[in-house]
Each structure stands twice: as C-alpha cells, then as structure tokens.
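Right, one structure below, let's go through it.
Letters A, B, C and D mark the chains as written, and numbering starts fresh at 1 in each.
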Amino acid sequence: MVDMLLMILAGVGVALFGFVLQTSIAGVNRKIVGRIQKRYGPKWYQEFLDIFKLLSKRSVTHGWIFDFGVIMALGGIIGTAMFMPITSSLMAFPGYDNFFIFVYLIAVGMLGMAMSASGSGNPLASIGVMRALTTMLAYEVPFMIVVLTIIKLTGTSSLSELGILQQAGGDFNWFVIALPLGGIVAVISLMGMLGKKPFVTYIAPAEIASGPMVEYGGKQLGMLFIMHEITVFIEVSLFVHLFLGGAENILFFIIKYFAVYTALNIMSSVYGRLKIDQVVLFFYKWPLILAVTQAFIAIYLGWVI
Amino acid sequence: MLQYAAIAMLMLGLYGLLTQRNVIKIIVSLNIFEIGLNLFIISVGYVDDGIAPILTSNFNNNGLIFVDPLPSALVLTAIVIGVGTTALALALANNIYQKYGTFEIDEMGEE
Amino acid sequence: MTVELLIILTLVLGLVSYFMGRFNKVYGAVVTIIASMFVFISVGYMANDILDGSTFNYNAVKYLPVFATFTVSYLGIFFAILVTFVFAMVSFFNPFFVEKYKYPAVYNMLYIFSLAGVLGVFFTDNLMVLFFFFEFVVWSGLFIIPLGKSKKAAVSYYAFSTAGSFALLYAIFIMRDVAGTYNLYAGLASVSGTTQGTYVMILLSISAFSKLGAFPLHTWLPAAHGNAPHPFSPVLSGALVKLGAFVAILALVKLAPVGDLQSVFGSYTDATFLYASQYAVAILGAMTIVFGTLMAIRQDDAKKLLAYSSVSNGGYILVALSIGGSVGLAGGLYHIIAHALASAAAFLAIGAVSRVTGTSKMSELGGMIHKMPITYMVYLIAIISMAGIPPMGGFISKWLIFQAVIDNGLILIAVAVFFGSIGSFLYVFRPLAALFLGQELPQHKDKAKIPPFFMLLPMIILSLLIVYTGVFPNYILGFINDVMAELGVDALVIGKYTIQGPNGVLHPTLVASVFGVGVLIAFIIFIVLKKSRKVGLMDTYTAGNFIYTEELMHYSLDFYAPIERLYEKYINITEDFYKKLENKVVDFGRMVKYFFFTNKPEVTVFWIVVIIGFLLWGDL
Amino acid sequence: MSAILLIAVPLLTAFVSILFKKYSHYMLIAVSFLSVFALGYMDLETITIGGFDAPFGIVLILDNYSLIGLYLVNILFFIVAVLNCKEYKKLSSILLVSLAGLNGLLLTGDLFNLFVFLEVAGIAAYLITTTNKKPLATFNYLVQGTLGSSLYLLGLILLYAMFGTLNMSDMAREIGTSGYGAGVTALPFLLMFIGFGVEAKLLPFNSWAKGILASSNSLSGPMIASVYAAAISLVFGRLLTNVFVIEGTLLTIVMGILVFSLVAGEAMAFSSKKVKEILLYSSVSQAALVVLVFMTGFAGWAVYLIIGNATAKLVLFLVTNIAAKQLGDDEVDTFKGLFTNNKVVGLAFTAVTLSVVGLPFFFGFVTKMNILENMFLSGAYVWPALILITSFIEGIYFIRLLLNLWHTDGDSPEVKFDFVLKYVVVVIAVLTMIFGVYTKPVQDSADDLVVYSITEGGNF
C-alpha cells in the first residue's frame, strides 16, 4: 500500500514538474514570439505572475456546476499528467502509461471545462465549447491513425517502451524520420491540439467573447490556465515520446520539449485563423489521407525508413 | 363432322364473349358457347350406326348396337342448368337496364 | 426454478398485470415491477448456480410441447442477467408514466410479455423455439410503440424486425435440413464451414443487423426508439437490441468464418488474418458507427439522438464481434454491458425530464439542472460511459476494441472507430449542454421538480453500476472469460486489477484513483482560495447590451451548425431508398389492379384463351 | 343416418320455404343447425346412390377429409345465417339451396355430379350477391362463373371420352394404368383447373372478386369470402391431390398462375386504401397459397390453412361490413380509431388478423411453420422463400391496418356491434389462441389427414 502512495506522490511531482516546465517554456516562447513581432515580450516568468494573480482574485460563480466543472477539468488533467513518463525510465507508474489513457483522460478535462462553460448560462460560452469539440473531432482522428501505425509496427502502446525502442536505434530510428508522412500529420494535429494559430478559433484571444472562457475570472480562470498549461505539457511530451524517441535523461527531454514547443510557436505565429468548418474540412482532407497512406505503406508494404 | 361444328360454335361463343360490350349480346354468346358445349358432349357418345339407347320389352336387345347413353343423360342436366343461368342473366340484365338505362357496359361508367 | 416454469410464470404475471391494470392503472404497473424484479432475482440465482458449477437440471418440469427444450448456457446467462436487469430497473418508471397512455393495461401486459419472450430466446437450445420467442418479442414490442407518438414508427419497426426474423427462420430451416435436428448447437456445428454455412451466416447476419439496427437496416431504430413511450425506449435500446447482438454472436462466433483471404492476397495480409466475411461485417459495422454518429450529432430530439447513439454503439458491437479473437470478443461483450447500462440510464434521465416538461426536444428545454440535479448527475455519468471516458465502463470496452482493431491493422475500420468515439463525445454532450445546462427557461421553471424517489432509485443504481464496471471490471471480465471459454475462444489475460491487451496493459482502478487524486488536488486548490460571489444565470458578460428573455440567452438549436452544414444534403439516403422500394410494390399492385379488375368479363375470357393457347402451342 | 340427408333436407326445405314465406328464415336456421348437429351421427362410409356401382352410378364419399370440410362449412354457414337472418329474410330459401349445393360439393365423388353442385351453389351465390345492389358486378360474376363451370364440363367430357368413367377414384386408377403420357391429359386438366380457378379466385380469372367483395354487405361478404371460398378450395384440393396429374408445361403454367396471384395479391392489398379491398386481395393471395400447398402435396396442413383462413375471413368481413354499413364508406381513414370504444370486437379482430399473419401464440403460426418445415424437408427451397416474402408484405399491411384501427388522434367513430356478433367473434378469437398454444391435437391429426381415403371406388 505504501509503494502505491509513493507512486502517487511521484505522479503529483511529475504533474508539478510538467506545470512548472511548461509555464516557464511558455514564458520564454512569449518572448520569442514577441521578438518575431518586433517587440521584446514580457519577462520569462510572466505566465506564473498571471496565474497567481488570478488565483488571488475574488470572482463570480454561476452555481455549483460552474465550479464542479472547473474542479473536474483540472483534476482530470492533473490525473493524466501523473501518468506521463518524463524519461524512458523516470515515471510515476511504470508499465501503465498506455497511449489511450492520455487521449481519453484529456477528454475528461475537456468535458469538465465544457460542462462548466455551458453551465455558466452564457450562450457565447456554449458556442465556444461547440467549437472546441468540433476542432477536437477534426485533429484527433488523423493523429490516432498515425499512432495506430506506430503501435502496430512496434507491438506496444506504452510510451516508455516506445521511447526505448526508438533510442535503441536498432530496427527503428525516430518515428518522425521512420514514418515521414506520419511525422507531418502528427505536427499538424499537435498544432490543432495545442490550439495554435490556424486552428485556434476556440481559445483565440480575439475570440474571447465567444470562447469557452468568457464567464471565468479569478480563481476559476486561474485554474483553467493551469489546466491549459498541463494539457500542453501532456500533448507536447506525447509527441516527444512517440515521435522523437523519448529521452534517456531529463536534460534531453527538456531540450526536445523546448525545441518542439518553440518550433510550433514560431510556425503558428505566421498563420491567420481558420473557420471551424474549414478546420474540419482541412483535417479530413490532407492529414487523413496522409495518415492512411502512411499506415498502409508502413503496415502492409513494410516501407519504414 | 358434328364435333367440328360443336368446336366452331365454342369458338364463336368465346369470340362473342371477348368482343361484345352489350349485355344482351354477352348473354347470347354465352348461350352459343353452352349449346356448342352440349353438342360436343353429345358427339362424344356417338357410336357408328348405333341406335337410340331405349330398351323395349318385346325385342331381345342383346344383338343391337346402342349409342352411349351416358353423355346424352349428362346433356339433359347441362341444358337445364344453361337455361337456369340464362334466365338469371336476363333478370340481371333487366336490373341493369333499370339502373343504368343502357346495355352498353362502357356507358355505365362503373369504376 | 426451471426455465420453463419461469417463462410460464412470467406470462401468467403478464395476464395478472393486464387484469390488475383494468382495475387500476398504477397497480398494474406495480405488478410489472414485481414481475421483472422476480425474474431478475431468479435469473440471478440461476447464474450463481452455474458459476459455482452445480448443474441444476433445468428441464425437469415439462409444460411446453415436448420439443421445447431449454438449457442454461453461459452465453444465455450473460445476456439474460443484463437484459432482465435493464427490464427490472426500467419497470420502476412504469407506474409514473402509465396514466398517459391510451391502453395502460395492455402496456403493462406487453411489457412483461416481451420480458418472457427475451427469457425464452436466451435460454433455449432449440432453434424453432428460439424463432418462436424471437417473433414473440417483436410482436409484443410492436403494440407498445404506437402508444407513444407515431404509428409509422411501429410499422417500420415491424417491417424490419420481421425481415430479420424471417431471415432467421430460413436459416433455421437450412440448418434443420443439414443437421436433421432443431438443436441450436448441433445445427450451427453441422453447417459451419459448408456452402450452406455461408447462406446461414448471411441470413443470420441480416437478422442480427435488423435487430441491432446496423447500417443497411437501421432506419426503423431512431423512429421506434424516439417515438416509443418514455419508459419503453430504454428497454428497446438497452435490452431488445441485445437480441441482435445474441444472434450476431451465433452468426459471427459460432459459425466458422467464410472466404479465406490468406490464400488470395498471400503475403500482403501477414499483418491481418481476417476472413472475407469478418471483413464484410466489420466494414458494415464501421459504416454503422459513422452513419450513427453523423446522424446523432444533428438531432434536435434528445430521444432520437440517443437512438442514433444506440445505432452507432451497435456498430461498435458488430465490429468487435466480427474481429473476434479473445480481445475483440471480450471487447464486444463488455461493450454490450456498458452500452446497455449507459443508454438505459441516459434514456431514463431524458424520460424523467420529459415526464415533467412534456417534451424531449432540446430546442424547447434548458437549464433543467437547477431543478433536477440528481437526474443531471445520472445523465453525466451515463454519457461519460457512452463517450468511453476513463473512469466509466465504456472506456474499458472501447480500449479493448481499439486493441483488437489495431492488433489486426484494420486502417479504414480504425478511422471509423476513432471517428465514432470522438464523435460520440460530441453528440452525448449536446443534450447535456442544451437540455440540462444553460439558461433555465421560465415555462419549465415551475413545473420542473425533483423526480420522486422511486424514479431516482433505478437511475442511481444504474449509475453506480456504470462506475463499478469502469473501476473494477475484472470480476465481470472473469465472467466474460467463462462465456468465451464456452464459445471456444481462448480467455482474455486479466490480472487481479489489470487487463492485458495485445499491445498494452490497462489498470482501470489505478486510472480511476489517479483521476480521484487529481480531482482532490483541484478541490483543495479551489477551497483554499477566496470564495466567489454567487451570481444569477442572467448576469453574464454580454458586451454591454441588456438581456431580459431567457430564451434568447440559451444556445440549443443547431448546436453543431458548422458540422451539420457539411453533410446536410446526404441525411436521408436510406429512408429514400426504402420509400422507393415501397412505392415500387404499390405501383405493381395498382398496375395489376387496373389491368385485371374491371367490371367487364372479357379480361378473364382473354386470359383463359391465352393460357389454353399457351398450353396447346407446341402440340397442334 | 346417411350423408345424403345433408343434401336432401336443405333442398326439400328450400322449396317448402317458398310456400311459407313468413317462417322461411326460421326454417333456414333450424335446418342449418340440424345439419351441423346431424354430422355428429354420420359414420364414415361411401354411399352409392341407386345401388349402381362406381363406373355407372353416382357415389357420395364421407371420409375424414369431407367430414372436416362439412363441419367447417356448416358451422360457418350457420353463423352467417344466424347473424343475417333478420335483415335478409327473403333470401332464406336461396340460402337453403346454397347450403345443399355446398354440402353436395363436399360429398360428391363423381366429377359430373361435382359440376352440377358447382352450378347449384354458383347460382345461389349469384343470387346472394344481388343483395349488394350492384347488378353489373353480379352479372360479371355470373358470366365468368358460368364460363368457368362450362370449361370444367368440357374438360370433364374430354376425360370421359378418353377413360370412360366419371368417378373420381376410377378416373385416378384409369389414368394411372392407362400409360398415357402427361401431355395427353394436360388439356382437360387445364380446363378443369381454370374452371375451379375462377371460383377459387386465382388471379387471372378472378376479375369478378373486386366487384362483388368490395361492395359486399354483412351477408354476401362473409358468405362468398369465407364459406364459399372454404368449400371451393377444399374440393379443389381433393381434385388436385387425387385426380389431377400435373407435369411438364401444365406444371409450369399452373405454378406461374399461383406465383403470380400469390405475389400480385399481396402487392394489391399493400397498395389499396379501402379496408374491404385489403381483405379481398389478401384472401386472393391466401387462396393461391392454399392451392400451392395442395400442389406440393401436404393436404393435411392445407386443410388447416383453409380452416384458419376461413374463420379469420369470416370475422374480418363481418366486422368490416357491419362497421362500413354504419359509417358509410370503408376508407381506412374513416375507420381510424374504430376499436377505441369497442375493445372486445377490436381484440378479437386483432387476434384473428395476427393469426392470419402468422405470429406466435396463434393458430396461423402453427400451420405456417409446419407447412414451411414440410416444404423444406421435401426439398423445395424456392417456395418457403416466396411464402416468407409474401407473408412479410402481408404482415406490413395488416399491422398498418391494425394500428390505424386502434389509434387515432382525432375522435373515434361510433359503431355499435350487437351482442351475438361480439359472442361469435370472441369465440373464434379464443379458439385461434387456444389452438395456437396447445398445438398437440393439430400436430398429430394433420398427419393422418394426409392419408385420407379415396382408394378404390365403392368400398371405404
């Protein structure tokens, strides 16, 4: 029973580490994006300041479902983060870090946020939630097809083992190279997951009036910010473990993590915003075709670089 | 020879039923058909130079050749039934005339 | 308590409920509760007889004709327990709804009759008796549906179900011809693998498809479930659809699959070893998932939406069963349980709401959570399971199905399966947002009140069970392993708390507890910080304009407008197809009527002459 | 008490009743009740009239097959007579004649005698249909009926010319031993088949059926659709299984007619909007089904099918005609919600319809399943599929009709059914349910019916 408690504590540690890592890297990225837009951008720890400022403010609530949804959202995301392996050996629950747990526990977070947003009574919030769900429907399927290919090729769906397989460099080098088309699709889906520029409608700052976050303030908004940061951490580290061969030690993990996140931020600062049905149409045209052909080539014809 | 005549009348009756749209004409062609049929029944019982199948007390009947009596017996009932049906048909024709005022089926306008 | 005695007793109880119902409506409905609880408990006793190995002789007592033999098999018990449980839970709703119907006594009687029929189907090992009860369930269900809103739904329900049962009958006769006896197991064994085996498989799959509401034969399901009386739609989608799953198991698992692709494609299919028939059913199942999900997303009536969700979940069951293998079959069987519980709970919640407000159309409802919070929680737990999200049962079965699909490398079917699982998240969320949350509409504010205890009891029990199947699945998986052993499939590897799939280990209790810890942390963060001020629902950020009417502030019509616009033109392809088919028959009938039936005798005479001429054509 | 009385007494009272106009309908009821009652005392034997042996004299055969037929026809006749005696007083003597004709049809063993009784019953039928006040339809029925029986007579005479005998069993033996190829006997059998086809409402020959039954009343509807149909199909069955030898082109023609009328009957019923028309066309297809079952050789089950259909049609037509008379026309819409306020009749009507469709717990289910099973065992694969498809279509339009009758959103029409009808309808429905569940007597008695006895002429 004691080792279970230890494992849980380790999980909480992982979640905390994830939060701190992501928030600081997000701060650094805000400076980089600022530089792209010819300005200096705020201090690197600006993200921390925002969150703690919000947590200290007294805000408004629209009933118990409004609060319960936020708690469930943050709780679900923390739960998911606890499972995340940092390096191929350092993780809270060895052996149980199954890919599908992450995909579906994120959904719990999404459901919590959606529930509280539409519980707030503001129709604009419901519209925002509808947009978030529709975009999720769009980017999720191609990503999972590519992951299907990886799982089918390697025969295991636990992230740490995948990392070890890729590091060993024996039969598989990094999947982003081994499955080129799969890599491209994964990047595009990751941009959708993180809500980066072209697919950002549901949490775009400009659309704040009709985004899900319209009714939040104070500690609720702060908690949702934390939730957003941890979600980004989960999704980017998923990408790192699946496609960039995990990490032998923490340093490599952080470097790869930083590289991926910054690259995405730079890429996304170039794009405009797509309408929701354009997003759906886009994702069900090119990424899906690429993913299916990649899967067909890799599984049935065995062409893996 | 008689059979060919009977078959011809059968054909005529059928032709009548096929083409006529007048109630009375249908009844007439039905009768022609039945008479043709009865003639045919009679012709079935014909035996070469056989005589009428009537047993008389004073002649010994075994030497004579009789025509087959059965079809002629059947024809009796067939004719009676034919008469019955024709009578009923004419009564119906009367009803039809009272109701529709005409014998032509096309003009009756029944759906 | 032998099976025969149980069935006859249920039928008698049905008649008792009819006469009681004539005397007083509510008592009749109470009899349905007693009857279904009695049946559930006795099936429960039979179950633990079987589980601890005692072979109780179930054919001791002989009432029905001599050839009606019953055996209690694991498969039968598995389905019987689930279905009678759903019947028992839903029967609690009967007393509260029975006043609204035109023929309440008939409703009670037919409710119990369909229960008896279901028992008969699951426990018999004689094919003809299976058909007898199969048709009996169709028949008794048929007369309950029009008590709801539409008669046309009942006719299309009857049409498709009868098409299914007649296909089943023809398959039975083929099996009888080959095997010589009506025994279920001997019949299937003797036919599997032969050419008749293919016909039997096709016919059985048609029957399964029509009962499950799978792609080509699904048009009746939304109409029937959507328009059936409120307490009967959970029975329809929770229990009676499982008959189709039962027949699907007979068709897909007990019969050897047909059409060996290995020899045809050779090395290309080393990734997968499925047979042509498995592929065909899987593809149709996949199309059912996609079609069910797309149609469910755009429905305005909550019950129709849940009906389409049953269609899409039926597709999941078909995909899982057709892939077969220990993981696929276990996933299918577990999904049958999870879907039955979840859709029963969801339908009951919607029924409770529409009992008070009179409508289940989302555009007319809103903010029901404020008056019916428990119903809301029940519905939330049900849709979490339906969407396949971790702490609930739906996730386990979806996880197993994904393992099976990935292990067999079926890419296109994987696309449909993933689309279905994400899509199910969308359409289950729609009633949540439009019906329960959002503004509280004034016209329902006074009428809505917490449903009475006896309506909440079954809903709460169902939700607890959904959570239980999600957190501790291993006991049920153990039982499923026994069922699979009986079906001749090797068992699923399960530890004390873990499930071992072909490419991954799942520890559902750990996932649930970690999720619990996460929520605890979030709760602590929430409590520690300053308490926020309670504000009414109308007091929201509206960028400056003043708002007074709740209706304007409630977003429920055309909830997923962007997606709906994409496929608006293709919605009723299948309905049009069946309507054209129907019109063909009507035109043929009218043509023959016009051509033959006139008041002129020459039509008959003409045909007589033609026929005689035809006969004599060669001879003259 | 010999079976000849069944024919003689009704004929005698028919003519006596013309004298006493006032008591004629009492006589009708008395005679029909007595004939049902007397059937119990008749032992199964073959009566040779006038002592002449088979090839010459006329033979009346009373065996299992005709006993069941007589029971069915007499009971149904009695019910129809009782229900209609007040309204149609002046038809009593005609009804007596038709009773004699029907009993004669079922009893006779001689082909020409069969023609005579066919005509007697036919003329009585034409007179009954005159009550429909549609003289043209009756005229059409008369012309086709007479034409049909004359063709039957023609076929009969051809057979006589070839084989010299008119007795059924003699004819059967003669044909067997005569060594003629099937082609020779094809024409007379076809003519006789057409003759009976007209009366049994097989499709190409039954254009009279719509005129008569669509505007029938509470006497002519049940009488033609159930009593006459039962008698005719029973006799047709006797001819088909005993006398006829059908192979080669004749078989294809006959099968073509049967399949066409089976399928077309269902399609027409599916497409019609009037209640009586639905029932009429469904009885056309059921008649074809009965003949089909006789053709495949399961006479026992065919008889039970006839019994099921006849009783069902009686109830259906009675209820529909009475309701149609009180409501004016018989459109399905005017009938909507008919049973909401007369539940008893509604329940009986539903039970009987479900039995015709063949749903479990009803008599129809038992017969249909056994027919399909026997057909499958005898290797015919196509017919069961055809029967299933047609009963699928039949199920749909009957269920659609039932649901319309039970449920209506508007106000339901007011129709009063008198007690006698309610009693009769409920008794028939209960019997259908009982024999649907307790199937043992039906199951084993059907098998011994098959080997019914027209072996040699004369002796039984």
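Simple rule for what comes next: contacts are C-beta pairs under 8 Å (C-beta built on N, C-alpha and C of every residue); 3 or more make two chains touch, one makes a residue touch a chain.
Note that this is a predicted model, so its numbers are computed, not measured.
The chains other than chain C, kept where they are, group by touching as follows: A | B, D. Seen from the Cα centre of chain B, the chain whose own Cα centre is farthest off is A. Chain D has its Cα centroid 44 Å from the Cα centroid of chain C.
In this assembly, the C-alpha centroid of chain B lies 28 Å from the C-alpha centroid of chain D. For the pair chain A and chain D, the distance between mean C-alpha positions equals 78 Å.
With centres set at the average Cα position, the gap from chain B to chain C is 69 Å.
Shared interface positions of chain A, defined as residues touching 2 or more other chains, are absent. Residues of chain D found to touch two or more other chains are 136-137, 143, 147, 211.
Among the residues of chain C, those in touch with two or more other chains are 599-601, 605. In terms of inter-chain touching, the protein chains here follow a pattern that is not a line, ring, star or complete graph. By the touch criterion stated above, chain C contacts chain B in their complex at residues 599-602, 605-606, 609. Considering their complex, residues 136-137, 140, 143-144, 147, 151, 183, 186-187, 190-191, 194, 198, 203-211, 249-250, 253, 257, 264, 266-272, 281, 340, 354, 359-361, 365, 369, 372-373, 376-377, 384-385, 388-389, 391-393, 395-396, 399-400, 403-404, 406-407, 439-440, 443 of chain D touch chain C. Of all the residues in chain B, the ones that touch chain C in their complex are 14, 17-19, 21, 26, 105, 108, 110.
Chain A meets chain C in the complex at residues 8, 11-12, 15, 55-65, 67, 70-80, 82-83, 93, 95-96, 98-101, 104-105, 107-108, 110-111, 114-115, 118-124, 126-127, 129-131, 133-134, 136-137, 140-141, 144-145, 148, 151-152, 154-158, 209, 214-215, 218-220, 222-223, 226, 275-277, 280-281, 288, 292, 295-296, 299-301.
Taken in their complex, chain D has these residues touching chain B: 112, 115-116, 119, 123, 126-127, 130, 134-139, 142-143, 146-147, 150, 153-154, 157, 160-161, 166, 211.
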